[in-house]
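Chains here go by letter, A, B, C, D and E, matching the order in which they are written, and residues are numbered from 1 within each.
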Amino acid sequence: ADKFKIGYLRVMDDAQAIAAYEGGFYKKHGLDVELVEFKSGTDLIKAIVGGQLDTGVLGFTNAASWSSKGADLKVVGGAQHGFHAIVVRDDSGIKNVADLKGHTLASQKEGSTADTVLKGVVLKEAGLKPEDLSIMGVSPQVAVQSLVGKRVDAAFLFEPQARIAQLVAPVTQIYEVGEVWPFPCMVVIASGDTVKNRKEEVWKSLDAQREAIELLTNKPEEGAKLIASYFIAEPTLKTLKHGDVPREDIIRDAIKSQTFSPKLTEQELDRMQEIADIMQAQGSLKTRDGKPFDVSQIIDLEWQEARKL
Amino acid sequence: MSTQIRLTGYKKKLAMVVAVAAILLFWQIAAWSLPDFLMPGVPSVMVRLWEDIQSADFRAALSGSLVRLGFGYGSALAFGVGFGLIGGVLFFFREVLKSAIIILQSIPSIAWVPLFLIMMGFGNMPIIVVIALSAFFPAALSVMNATESVLNVHVSAARVMGASRWDMLKRVYLPAVMPELITGAQLAFGNAWRALISAEMLIGFGQGLGRSLAYAGETADMMGVMANILTIAILATLIDQVILENLKRRVLRYQYV
Amino acid sequence: MKLSFQNIEKEFSGLRVIENFSRDIESGELVALVGPSGCGKSTLLHMAAGLETPSAGAMLADGASIQGPHPERTLMFQENALYPWLTLAQNVALALEFQKIDKQLALKQAAEWLSKVNLKGFENYFPHQVSGGMRQRAALARAFISHPKALLLDEPFGALDALTRMTLQDALRQLIREAGPTVLLVTHDVDEALFLADRILVFSARPATVLKEFNLTQHEKTHDLSEFAGMRREILGLLGIHAEHEESTAILEEVEA
Amino acid sequence: MSTQIRLTGYKKKLAMVVAVAAILLFWQIAAWSLPDFLMPGVPSVMVRLWEDIQSADFRAALSGSLVRLGFGYGSALAFGVGFGLIGGVLFFFREVLKSAIIILQSIPSIAWVPLFLIMMGFGNMPIIVVIALSAFFPAALSVMNATESVLNVHVSAARVMGASRWDMLKRVYLPAVMPELITGAQLAFGNAWRALISAEMLIGFGQGLGRSLAYAGETADMMGVMANILTIAILATLIDQVILENLKRRVLRYQYV
Amino acid sequence: MKLSFQNIEKEFSGLRVIENFSRDIESGELVALVGPSGCGKSTLLHMAAGLETPSAGAMLADGASIQGPHPERTLMFQENALYPWLTLAQNVALALEFQKIDKQLALKQAAEWLSKVNLKGFENYFPHQVSGGMRQRAALARAFISHPKALLLDEPFGALDALTRMTLQDALRQLIREAGPTVLLVTHDVDEALFLADRILVFSARPATVLKEFNLTQHEKTHDLSEFAGMRREILGLLGIHAEHEESTAILEEVEA
């Protein structure tokens, strides 16, 4: 049979997809999986839309954008909640989000989920407009390096970069969006065709990922061993204050700071609608008829209902 | 005499039209065979492009990109000609520079971007440096190769007529290498342009065509992606064919009369 | 200007080209150098021009040692010495501009000289727009414009067809008669030497030594050289061309390596 | 004759050594002025590189990249020469192709990648196509420009000797354009190499040097980044200087004897 | 082979080059064409070779209309007609290879012909390694190797210096005497025409008409042309060169546009 192709991004948010592969959970559920790495959700979603991939674990906003254009996409399961931290350089004197005014902040690519939430939620609640500070859209690695190189005062980062940044540079975390405004950042997305034609395999993959999530939540030590090499190349990381730290320790802590969940709850569905509305307000989501985008049309909860989560 | 048959201006224009038509046709075929939201058709993108052009955002992106291009490309040419001419006189320096260029040229500009970002900070600087770097190589190489083939009689004749060193550079070497310099400048422009767009796509800073392209891709706006690609292609062709070709005809007027 | 070659020797990285050559060229004299290809005639001219230095011996101009090129000793080449990017007038004017003469004035004088060599009306043509003969006329004008005291001609008409060559020989003779410089003329054309020279030096193959010297001052010159038939035959014989009904094999062509 | 002075092989090698030393020096200076985490020094990267080379991963990445390069570059050359020669005979086709190349060349390869991914799926195909596309342009352009300057006498001579059309292409046009073809092939190699690395950096598929580089960047492994950049630069230089230069010397042997 | 020009007219896009030219060249005859530059001599030769077609009139070879190039009518050019990428032997052999003769055999015959033109030992030299005179010797060998019945020579020695030219005239005469082809020789050198031809046609400026015809069959030929002094003076006079003590201005050089 054809390999089941799952796309992923090299971020902590996709840990369950990686762990399920490295831990052999897909195989256990009778699925022959090929894991394909992507540099961005934008490319990953295109591969799903173009029929090159079966499922992928990526930001929900991608599914919203593309289905608003007419692509047949389904969100078939949850994955991880959006934990994005703002870390600031110690010498910048920034104490809270409102202090960011007039400073430079390294964020992620314009139009990405993180960028949407940053502008639509984080800054808004602190009473700032995007124009009040200079926001640089770069990759997370460049963001960390820019902090170290004193090119930016603050960065909006997910794991494990937020943790790595704090270990290698004199920076402090001042804000965590997951604590203030939890939202389902990463979800499992499949094309409508796949959901129809390869339903069984999709479900198997979700089962495998669910098992991986359990492992990550309950035994972060073991989970870290499976996935650490995906994020830190050298066995140890040279830190500012604690000398050489084994990479597994860092990843373990990063895993612990995340909330993984295979289930999409009612509140989460509401949050998704909220994000879609923000996107529409920002102009990065346009429906063809101009009406508000209805998130429920791309949600397919058959699997989690069948598993009675 | 060579077999060179110069096509008339009219035929050249016709050829350009045929080429454009062929490209648009391929695109439209791709659009027909793929779903609309992955690959929009030519007419709808044209409409979108027309709308875009009238927006202030577009003009800001355009001028942002062109300013960066101007600085990066301009300094690449200045350094390229300077180093190239020095290399024309100092043989060992030429070989060293050539070797360095061969080595450095193999590294793609998107590998430079993160490094320059960290070393130079955010702003126009890293983009301009990436542009300048990628345009410098062909400019310097072409001038250096051209100096190798400056005719001995031209040099001897000037010496006998009492030319100073500076006269020599300005009135013999520079005009002698001009044809190759212009070819090199056109090559360099291609490199500069691609580097500009790539760097803007990777660095989310300021207004620019590359950034518009990346943003359109990020927001699933394939119409915007194609409109931006179209803009990029049209602009590059215009700059190359109108500005650089005209410059060439002016500077190398003697070859065309 | 009197040019004196005193015990000149010349080697190029071990290759012995000229061996103990001594001759004085008197002021206003026209001496032709004839000899097989590669024997070192151009090298002698380059030394008189100051472009090369002798390996041994002294090269004097009016008794003073020659240190380098100077406009009062002008060299004219076989071809391609005009700059293709300058019009004929600009080419001729350049000789004056290098001597810091005002551009306008230089161009005015250039136009005058061009009309002297029968190129009135062609001032604004580029070299590639006119025939080879016209180019060499312009080169003549450029050589004469700075009123050189010595004129060094390296096969000035060697690249022209036989008919054009004759008209240019006439023009050259006219110019020399008016300006009266000392002239050293390298040529392969025995008829040309006979027609123009006061004295002819016939060289051997490399290393060059003078095989024989002919004095022609007492003769009236026309293109009908029947008067010189004997001398012509003798020179050709020295060069290995036998004016008889047999194959000549004496001049063995050399490999240019 | 031109002023071209060919440096001896020894001097060329020395120049290469000097160039390498200069680059490494700049790097080391950057390493001293930046924290270790951002820019590791030369010696530590050398050690790392040495370790990398011995790993199986490295060899897999190397062979993966080289296979893609081979296919992409090879087909670009084949098509480039083919289209270039056709363009040499059919003038209008040549102009159309040139125009199309000018337009398409302005789009950077990272803008092509997503499109090809959608159209061709994962695997080596999209990378190979991106490589071929960017290498095709200079190869075809150089051959086309070269056919423009094939000497008329060379064509007429072959016709008079009774050459067929195929003889003409194979024995006159192809060898006549060979020097420019090789220059074009070297330019094309530079483009192909940069496109390979860029595409591999962007497409997370298979083993490859570009992917190793991107991976090192994402895992904040600057030592790995620099080791990979070093590998990329060394390899490109080796291929260009050893393989292509030797090929050039063989194919254009007649120019070097 | 008898070549017949019957009421030939030739226009190039409105430019009238040849006007009603009729002459028969008898089998084995050697006819020289002399005339001012640009009058249409090469054009006549190209028509005989089959490379050009007359605008009106008939061009016959042994009574049959000429349809295109054929190896039995061979054209030899002024210079550069050897392929620089082939050795002398390969160049000469090519004429046979185009006629599907086995490569080894062709090379063997080529070596024989090279030794006939005094180039034994130079078989494996490339053209740029030997002198201009030696290149034209090889070109002669290439012209003769396919035993042409008609030989069309377009200023074959025009690019050579006067001395080399004489040795080649000897060689050519020897070859013609042995092989006996019909020869049409275009030359600017009146002495060459006098030395080689059975008949000389002197043309006017464009459009070309025959000014006068000279018959020389009854004369013994040597390089000492004093016997022809009268004829020489007359031809030069027809061409506007006056063998007297005055400036000649009759041949106005034409602008090559």
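One rule holds in what follows: a residue touches a chain if its C-beta (ideal position, glycine included) is under 8 Å from a C-beta of that chain, and two chains touch if they have at least 3 such contacts.
These numbers come from a predicted model, not from an experiment.
The chains that touch both chain A and chain E are D. Any chain touching chain C that also touches chain D appears here: B, E. Relative orientation of chain C with respect to chain E corresponds to a rotation of 180°, obtained by superposing CA atoms and rounded to a multiple of 5. Ranked by distance of CA centroids from chain E, the top chain is A. Greatest Cα centroid separation from chain C: this falls to A. Between the Cα centres of chain A and chain C there is a gap of 83 Å.
Inter-chain centre distance (chain C to chain E, centres taken as mean C-alpha positions): 30 Å.
If each chain is reduced to the centroid of its CA atoms, chain B and chain C end up 47 Å from each other. Once the centre of each chain is set as its mean CA position, chain B and chain D turn out to be 18 Å apart. Residue numbers of chain B whose C-beta contacts span two or more other chains: 34, 38, 114, 118-119, 151, 217. Annotation for chain C: residues 128-129 touch two or more other chains. Residues of chain A found to touch two or more other chains are 42, 46, 49-50, 139, 141, 145, 148-149. Those chain pairs judged to touch are A-B, A-D, B-C, B-D, C-E, D-E.
Only residues 49-51, 69-71, 73-75, 77, 79-81, 83-87, 94-95, 98-99, 126, 128-129, 142, 146 of chain C touch chain B when the two sit together in their complex.
Remark: chain B residues 34-38, 114, 117-119, 121-122, 202-205, 211, 214-215, 217-222 touch chain A in the complex.
Against chain B, the residues of chain D that register as touching in their complex are 1-5, 7, 11-12, 15-16, 18-20, 22-23, 30, 34, 38-39, 91-92, 95-100, 102-111, 114, 118-119, 147-152, 155, 187, 190, 193-195, 197-198, 201, 213, 217, 229, 232-233, 235-237, 240-241. Taken together, the chain B residues at the contact with chain C in this complex read 151, 153-154, 156-164, 167, 171-172, 175-176, 178, 252, 254-255, 257. Listed in rising order, the residues of chain E touching chain C in the complex are 36-37, 118, 122, 125, 128-131, 133-134, 155, 158-159, 161-164, 166-167, 170-171, 174, 187-192, 220-224, 226, 229, 232-233, 236, 239, 241-245, 247-249, 251, 253-257.
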